[in-house]
Structure formats: C-alpha cells, structure tokens
Amino acid sequence: MIRSTLTIAGKDLRLAFAGGQGPVQAILLGLLLVFLFSLSAAPGDLFSSQQGMAIFWLCSSFAVVLIFSLLFRFEEENDTATALILSPAPIQSLWLGKTLAGAILLGLCQIFFFLAAVVFLSLDVQGSPALLLLMIVSVDVGLCVLGGLMGAMGHGQGAKDTLLTIILFPLQVPLLLGGIRIGTEVLYGALAVDVAQWFGLILAFDAVFSGAALFLFSHVFRGE
Amino acid sequence: MSEAEPLLRLSQVGHFFGSRLIFKGVSCTLDQGQIMLVAGPNGAGKSTLLKVMAGLLEPTAGVVTRQVAHKNMAFMGHQTFVYAAMTALANLEFWNALYGRGLKEKAIIDLLDRVGLKGFALELAGTFSRGMAQRLSLARVLLIEPELIFLDEPATGLDRASQAILHGELTMARQRGAGIVWISHDLERDLGQADMLLYLNRGQMSYYGPGADFDLEEQA
Amino acid sequence: MPISSRFLVVLACLAALSMLLGQYFIWFYAPEELTMGVVQKIFYLHLPLAWWAFMAFLGVFVASVMVLWTKNEKWDLWAGVLAEVGVLFCGLALVTGSIWGRASWNTWWTWDPRLSTTLVMWFVYAGYLLLRGAGVGGVKGATIRAVLGIVAFLDVPLVFLSARLWRSIHPTVFAAQGGGLEPEMWVTVWVNAVAWGVLFIVLAVARIHNQTLAHRIDYILARFRDTTLQHKE
C-alpha cells in the first residue's frame, strides 16, 4: 500500500513538472487573485490579518480544484486509468498517491500565495510561524482529501468536471473558516482560547473525510 | 493450482447497462496455453465481455472465476496506456514499480529492445507513432510476464512490422503456458491461430467451440 | 413500485386539509406574541420548513448509502426527489428566517450557526441538484451521485460546529431562540410541523411517480429504437 502510494505520487509529480509546467496555472491564478484583492483597499489603507488570511485560503481553494483536475487528467489521455485499476496496486493507494502529490503541489503554490499576500496585502506574522505552518498543513490535508475524491468523480466527465466545484466549495467551508480564524490569531500574535477547538474541528474534518474517501473512492474510480 | 482447474471460467455471465441488455448466458473456460478468440458483429458486446473477464467490470449476472492473481494478468486494448509526458523508459519503470517486479534498468532496456524500441528509450512517449506506442504497451505486457492476457484488437492501426512483433511475442507467451483471450475483427486472418472461438451475436453466445468447426456463413 | 394516482389524490387532499388546519391554529389559536406582534407568526412556517428540509437531506444520505449497498437505482431516484423537496423547503426556511430576523433583530442576516448551516446546506444541495440535472457521471452516474449525497451530509455537523465556533468571539446578537414559548404556541408549531410533513410526503411521492413514468417512457423509447434499428438491418 505505502509503496504503491509513493510510486503513484512520484509518477504524478514527475508528470506535473514534465514540460516545466507544474502547478503554474494554479500559482498564476492565485497571484492574480491576491493582486485583484489588493485593489479593494484605498491607497494607504491596511488590510486586516483576517482579510489577508481569507484571500490566502480563497487562492488555496481554487488551486486545489486546478491541481486535482490536472492530476486526474493525466489518466485520461491514453486511458491509463484502466491500466491503474487493473494493476495489483490497492485502489485506495491511487487515491492516497494522488492526494499526496496534490498536497505537495498545493504546498508549493501556497509559498507563492503567502509571499504575494505579504507583498500586496502587507501581511505580517507576529505569532509563532511553527503554529501557522501546522495549521496550514492540517487544513491542506482536508482540502486535498476532498479534492482527491472530487477529482476522481470528475475523471472522464469532459467539461462537466468543473460543475463539481459548485459542491466542493461549500463543503470546504468548515476548513476555510478554521484556517482563517487560526491564521488571523497567529498573525496578530494573540492566541485566544478557541484555537485548540478550531484545531479539533479541522482534525475532525480531516479524519471524517479521509475515512469516507478511503471507503468511497473504489466506488468512484472503477472500470466502465 | 491444480492442473485441471482452468485459468478462467465464466458461468452464465450476463451484463446490463441499466435496463439495456449487452449479453447474457455466456459460459466458457480458458486453459493454460490456450487462445480464445472472441468475435461477433459491431456492438455485440465483445469489449464489455472482455472487461468482465478481466475484472474491470462486475458482471450483473453469473460468476467469473480466475485462478490468476491481479499481478499476473495483463490487458492490452486500442488505448495504449502510455503516459505521453514521460519517456519510454520512465513509463516501464513506473509499471515495474507498481507491479513490484523489481527489474533493473538493464532488464527494462532489454524489454524495449525486444519490441524494437531500444533506440527510443529516452524519448518522450508522446512523440511516438501509434505503432511505437503500441509496442511500448506490448513491452508493458511483457514486463508483467502474465499468465493471463486480454487483448482488445491491439493490432488495429498497426504497421506490418509491429504486428509481426506482437504475434511473435504472443506465440512465445502461449508456449510459456499463458492463456490468451483475444477480440478479433478479422476472423479469416486470426481463426487459424485460435484453439477456441466464442461468437457473440444479439446479446447471446451463438457459438462456442473449436475454431476449426466454425461456419461464418451460417452465423451471418 | 408504481404508485397509483388515486392514492396520490387522497394524499394531496389530506395535505390541503392539514395545511388549512395549520393556518387556523396560527391565526386563531396561538396567542399573539407581545414584543414582536403578528410578524412572529412566520415562525410557525419557518421551523417546520427547516425541520423537514433537514429530514429531506438525511433522506438523501440514507438513499445514497442504499444505492451503494444494494446497487438498486430505485434509491437514486429517491435521493434526487428528496433533494429537490429539501432544497425547496430549505430555501423557504431561509427566506422566512431572514424576514423574521429583520423583524426581531433588525437585520436581514446574522451569523447565527443554525442560519449559516442552513445556507451552506442550501448551497451544497442546490449544487447537487445542478449536477444531477447536468447528467454528471455517465454510466456510473448513480454511484457518483450517491457519493456526493453521502459526502454532503457528512459535512453538515462540521459546518454547524464551525459556524458556532466562528460566532463565539462575537457578542451574541440575541438570546437563544425557542425559549419562552407559550404552550399554545408549541401546539401550533407541532400542528404545522405535521401539516408540512404531509405536504412533504405528497411532493416526494408525486415526484417519484412522475420520475418513474419518465423512466418507463425512456425505456420503451429505447426498446422501440432498438427494434426499428434491427428491422433496418
């Protein structure tokens, strides 16, 4: 299971960066969003940490859609999906491999998003960077777990896969709220008591949807 | 695995898409070293039957039993199963890892040599012609060293040389004891090589028996 | 299972009667609330609508699980129908809730966990209906829709918790709702809940009825085309 997961994640990263493309589309879209939002403040006005974090997570949320649509598109060109399903690798390792590759690509995108937020929105970290990183990783897990499942649903649907985002975005709400709230407090450097509760909620989201995806993926990604 | 047990056995297998009947009542067996040809008019459900045999689709009726593990089965169809943005070598290395074959790079290059692609090992598969991509797909099949092979008209659109390589490798696989199920469009060409023939027509198995006894005129 | 039209008519009449009874209770039985006056009566629509919307979404979840479990596409039909009625009721609950909020807290919208959860659920299931209408999934459509139905419902408690946490550091705009109801008011709530429940069942059964007929027509048309095609050959 672990070996085939890593094999698939490795292959997907290799394909993602083949031709120098990588998650460039997701990064560019995110940078564009940050730039556009920076126009929403009058010159000289400062963005609040909460606004900054909200824009950061909005970019991440869009990036997840683009990344997983890319990762599952790889399997469409010559119907390699069928070959993967027929392989001895457990079907769950396909989902896990893609989720892992997606998380790495998302993390890469977020470096750019964060830097852009610092530059354009004057974001400033006064609290613990380690806590910020921990929060981003735990929210990313949930985003990618759900993104991987949704990507598999969009597989082989042609243009219809974009419709799935209509349901994906509202499903992400608890994660995004958590990310914004913890992020805001870390940026201020003043932690309120509810940070632990928010972490609990985010981890619960990760656990519930990891379990669901492990079980549901084999129904979604199968031969036809 | 006992000698008597066939590699593949279908009993009263049927398949529906929703309420639409594709085929029903298909029963057959495939022994080691046998080639079974699957034929029939367009839309008779040959590809669906092959997918059911390979375990890609669950049959809606009947039972499919295979004496072969997943890692010893191979499937080759019209689609080449090739990652266009990776080199020929990287493609095979991926399947090598996923199937847990543990072949060294040298052995993989030898496989590419067998299908005549040695000089193209480091070229992107996306630049290949259909014939070359299908040869790469054949190399993937050889890498698996399958005991059970499913072929969905792999020769379609192939040049003569690639067809010859394909037939040569299949003959060798059969001599090793592999069982082969093969969908054919060209019965006159392929019937001579087959041990058994399964003819699908209008959702039914209208003929199942030795290829030599088959009368195409009668079926038409 | 074909549902007879006569049964449906009886059920519809029952729904009409119980709705009338509900209205009687609202206007003539329940006392007028002192501070809010007559506007408070929208509460008797709002609460049953919200309850039945939630029941509908629970139904979508159960039917979706059954699709995966039994592989019987009949359940897929039920999931779709319940989602339709659920989105309708949920939308009405949002509108009535907003009007009520305007009257009682002087704002059309507030970050109340229940209200926010209802809104997010409305988004999720409206999206779900859109996906159904667009025919997402192809051959494995029923399975894809079932997975969406399950995932959507798993999200509900998480959305509720997050909305509650989100609000917790803001000052509460209002005292907890639902408290301080007169016994007559509760009776009225229950009568209306039952009335809306009957209407809910009528709508669901009617939709199932015509979806089943639509499927049968599709099937007959497909058979017809197959045979004409074979004759041409």
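We just call them A, B and C in the order they show up, numbering each chain from 1.
Basically, a residue touches a chain if its C-beta (ideal position, glycine included) is under 8 Å from a C-beta of that chain, and two chains touch if they have at least 3 such contacts.
Everything numeric in this text was worked out from a predicted model, so none of it was measured.
Distance from the centre of chain B peaks at C, each centre being the average of the chain's Cα atoms. The most centrally placed chain, judged by C-alpha centroids, is A.
More C-beta pairs touch across one of A-B and B-C than the other; that pair is A-B. Measuring from the averaged C-alpha position of chain A to that of chain C gives a distance of 31 Å.
Averaging Cα coordinates per chain places chain A and chain B 39 Å apart. Chain B and chain C, compared by their mean Cα positions, are separated by 50 Å. Multi-chain contact residues, meaning those touching two or more other chains, occur in chain A at positions 222, 224. Counting only residues that touch two or more partner chains, chain C has 139. Looking at chain B, one finds that none of its residues touch two or more other chains.
Looking at the complex, you find that chain A touches chain B at residues 3-4, 7-8, 11, 14-15, 18-19, 74, 77-80, 82-89, 222-224. Those residues of chain C lying in contact with chain B across their complex are 73, 139, 219, 222. Residues 68, 120, 123-124, 127-128, 130-131, 134-140, 143-144, 146-148, 150-152, 154-155, 158-159, 161-163, 165-166, 168-169 of chain C touch chain A in their complex. Put simply, chain A touches chain C in their complex at residues 146, 149, 153, 156-157, 160, 163-164, 166-167, 169-171, 173-174, 177-178, 181, 192, 194, 197-198, 201, 204-205, 208-209, 212, 216, 219-220, 222, 224. Looking at the complex, you find that chain B touches chain C at residues 17-20.
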